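In the two assemblies presented below, subunit A is common to both, partnered first by subunit B and then by subunit C.
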Partner chain A sequence: MSWRKYLSFTRVGLREGFQYRANALSGIGATLISLTLFYFIWRAIAASGELAQPFSTIIAYVALARVIENATSADLENWIGERVRKGTIVNELKKPASLKFQMYFYQLGKSSFKMVVRGIPALIIGILFLNVGLPSISGGLYFLISIFLTLNLAIALSYTTSMLVFWTKVGWSLRMTRTMVAGLFSGAMIPLYLVPDNVRAVFNLTPFPSMVDAPISIYQGTAESVLQVFGTQIIWIIILAISSELLWRKAKKKITVQGG
Partner chain B sequence: MREKIRGLKKYARIYWLYFKQYWKSRLVYKTDFVLGASAQLVSTLTSLAFLTLIFTQIENLQGWTFNEMLFLAGFGGTVIFAQNVFFFNIIRLGEEYLITGEFDRFLLRPLNPLFQIYADSVHDNNVPKVIANFTLMIYAAVQIGLTPDLLTITYTAFSMISGMLVAASIYLLFSSTAFWTGTSRNAVWLIFRLSNFRKYPIEIFALAIQGLLVTLIPIAFASFFPASYILGKEGFEAWKLITPFIGPVFFYIAYRFWKLGLNNYSSTGS
Partner chain C sequence: MFVKISPAINFVSLIRAENLSKTFKIYSQGEGIRGYLKSFIKRDYEEVHAVEGLNLEIDEGEMIGYIGSNGAGKSTTVKMLTGILEPSSGEIEVDGRDPHRHRKKNAMNIGVVFGQKTQLWWDLPVKESFRLLKEIYEVEDEAYNDRIDEFVEVLQLDEFWDQPVRKLSLGQKMRCELAAAFLHHPKIVYLDEPTIGLDVAVKERIRDFIRKMNEEKDITVMLTTHDIGDIEDLCDRIVVLDAGKKIYDGSLDKLVNRFSSRRLVMQINRPEDFDLKVDGVKEIKTTEEGLEVVFDRELISASDLMRIILEDYDVQDFQIREPDIEEVVKKVYNEGI
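What follows is the complex of A and B.
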């Protein structure tokens, strides 16, 4: 496949990010609010009982979770939802590039923008105020690789659920459900080491812990084996890629053009 | 007075017409409703799961037991989401009404423009969430063994209505900034995030945040104060006392601000 063709979709994604700069600004506001909320909640929780880790470690985890969530968000459900509703999806299907790679490279561009304007500010806040600390050089490098894998995982997941839009015709509720479930299972709401073992075992059957908990364990140096973390992330990407491909084959037969 | 009542009757009748009209167009997208409602329920379930997981680690949160926290979340949820059903549409003021020029149509009709925005849409996918939160509240009350007397029940009813007005006033105040900025979505999204503060005892926050929660974003009146009165928690006595009456005050202030914006408004001309 020719890279130049696909990179043009990445450029579109980037440009869209730039167009909605104001959203990025309010994104930083949202990050500040949710970190403030989590700070006080966890301070109160830590003051109310004996936890597995001290408050300073927990809040660093929570802050890193926000960094990762901000840096790796994907929203392909709404992208497809809009196009299916208006019927303009035919324009995408006519292009001489497969739909999945169009969407992948578009989201890559859009997410890169978010990574810079939302991920990095959250990281700076975390380092300055929430005891996040700096990783070792190798740790930092591994963290970046792991974040990139999370981004791919997030895109693969979003793409998989976005295939359902061909049946449901609406995207926003699918996306909301996905982000809610992911938030709970991934470690974004509660550090997974505070979750009871039997519940965590269930969480680990899903791809979500690989999205947030895994990169944090690398950043904080608590991962037993970095390679194993990468391996698990890659396996989940492959599983999701295969499931979405199967869904797409079914969806292709379903496509109805609305109001054409 | 007679005039006033007749006016009110007129608005009620028109709202009913809008309401029926809305439902007719709504039922065209049944899956949107079903999936939207399910997504809202999932969001209630995840915050419930969060609370449950937290309480596997601690006995109580600064003196609040699990069931008391459930009651707090259920009470505030019932108020906010019931409010959302009817007064949510205002958040679209900037993007959907002002920028598109749609708002000018409202100004031409002999009806209050704010009323027309409220009546234009019913946020019905919040209804299952209201039911879920109300059930949660009742469940928690039974678990705690609350036996409310007539005074408490009256207090609850009044403070719920007052709380709905408080919540509506927050949305109205922040959405009205769209008259100057042309956008309301970003401001209101931030408020959404802040509304999560309602689920926790106000004492856990720094004083500055407590101040915010009783003034600019007075969500404490829709959640913490009434819930802690009903549960018989100590402290904040005066605040709990004014809670059932404060809603109209906040709404009046927000409405004055909306009026200010309205007078300042000039059409986009598109």
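What follows is the complex of A and C.
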């Protein structure tokens, strides 16, 4: 595998992002709206006075969850789904590069763009208005590493579910399901420390807590062991990579390539 | 004792397919709401033999036309030869490799255009797509610059070189696709309906380009098409596929001769009295243009036929019509061989 070859896919992903300035700007708007929404919802819940944590702690968690989600989004289901449906996936399959690495490096480019235009604004808003606070220098550095691992995890997860497109022929429903499940289990919707212990034990059997809850714990300095967090993230990346490879071997035989 | 070994001589064809078959399972959807519901719950699968027992050998430098009606299995064959689809049975060897098992290695050696399925990046300028292809196919800087200069000139890409692909017309896109397929000077280029939906001028330019690449760079070209002009202009050899089976493999001339005869069209006085009993005359009919005599040129030459007719009849005007390739191909599709 030549790195230059694959990095050019990253460049294309990046360039595609820059192509749509309006899209990037509207992303910042969407972040503002969703943060405002979360702010009022959690303030209302906190006002009922039954939460284990004060409102300021919860809103910081929620804001950080948004930062991480914005910075590590991946959408290969729609991308592959469209191509399988229209049969244009032949154009990826005729190239002297494996589909998984084409997808990975392309998504890496797209996500890097989103990390900058959607992740950083959310972080600034969080620090200025939502009590997110600044991490220690080492905490910030570890946070960046774990964000990068989360991105890999998100891409691996998205790629794994997108393999199912070869059976379903439709990508968006897979993506909806994946983001819903991930949102619920990862901490993106509800801070995981508010979830009862026995339910959390079940969540912890999935890769999702490693995607949002774990990096937050690193940022806030509450993680027991940074290395353990990284290790868990890496193990899940490997598990998903293997699963997607196994699915791909089956999917390959399902390719009928529609049209002509 | 000297033993002379000459490994340069290659007796094996560049592309070889043996007893190649591809079977798809498709499910048939019922009719009406009841049918839809039924097929939603339980699907009846049907087996479709897209390609059946195909034998094919193509040598280096050949330019072959692969024709057949819609759904005859042309694209399926191309997808198997390029390694995208795995054959259900049979064997393929392209430049000594199994293209499916060694898909990536094989891909470095080939260029492919799937008509109507653009491989260029929709939102990026044309030149960006080419830069990516340069990296993917590991083309050296110097070679890349030379080739791009050549392609831009021959295919006239300069007017839209900086434009995003989504703004291009079909003809412009197809010119880019062609250039993209030949960029890395592959050994083989598969073109799946490269001229579909294009105007005459663009078709002409594309054909010139393909011919140039084949002649100058010795690139083997396999072309599937419905366009008779493509075949006439480009292909020395054609393979005709019908319902997944090969029904003809040979030169275009031979096919045409086999199928159609020449026709003699003439105006004579009192055509109703015309009668001719000569070997080689297959049919006599009256058309709008006059009296038409269909004859087999293997059995009788046009001059002999004309001499016989002139002995008995007063001919005012006559024309000899060459076989019409389009007719032949239509006939082959409809009736087989």
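Annotations for the structure displayed:
Convention: the second predicted complex is superposed on the first by the 259 of 260 C-alpha atoms of A that agree within 3 Å, B and C clash if a C-alpha of one lies under 4 Å from a C-alpha of the other, contacts with A are read in each partner's own complex, and residues count from 1 in each chain.
Note that a residue touches a chain if its C-beta (ideal position, glycine included) is under 8 Å from a C-beta of that chain, and two chains touch if they have at least 3 such contacts.
Note that the coordinates shown come from a computational prediction; the quantities given were computed from them, not determined experimentally.
By the touch criterion defined above, A:249 reaches neither subunit B nor subunit C. When the two complexes are superposed, the chain touching more residues of subunit A, out of subunit B and subunit C, is B. Applying the stated contact rule after C-alpha superposition, one finds that A:94 touches subunit C and leaves subunit B untouched.
Of the two partner chains placed around the shared chain by superposition, subunit B is the only one that A:180 touches, whereas subunit C remains out of contact.
When the two structures are aligned on the shared chain, A:189 is found in touch with subunit B, with no touch to subunit C.
In the superposition on chain A, contact of A:4 is made with subunit C only, not with subunit B. In the superposed model, A:15 lies in contact with subunit C only, and not with subunit B. Residues of subunit A that lie in the contact sets of both subunit B and subunit C are absent, per the superposition on chain A.
Those residues of subunit A that touch subunit B in the complex are listed here as 22-23, 25-26, 29-30, 33-34, 36-37, 40-41, 43-45, 47-49, 51, 168-170, 172-174, 176-177, 180-181, 183-184, 189-190, 194-196, 199. The residues of subunit B lying in touch with subunit A in their complex are 29, 31-32, 35-36, 38-40, 42-43, 46, 49-50, 53-54, 56-62, 183, 186-187, 189-190, 193-194, 196-197, 200-201, 204-206, 209.
For subunit C in complex with subunit A, the residues that touch the partner chain are 24, 26, 75, 79, 82-86, 103-105, 107-108, 110, 112, 114, 116-119, 121, 123-124, 128, 131-132, 135-138, 164, 192-193. Per the touch definition, subunit A reaches subunit C in the complex via residues 2, 4-5, 7-9, 11-12, 15-16, 19-20, 86-88, 90-91, 93-98, 252-253, 255-257, 260.
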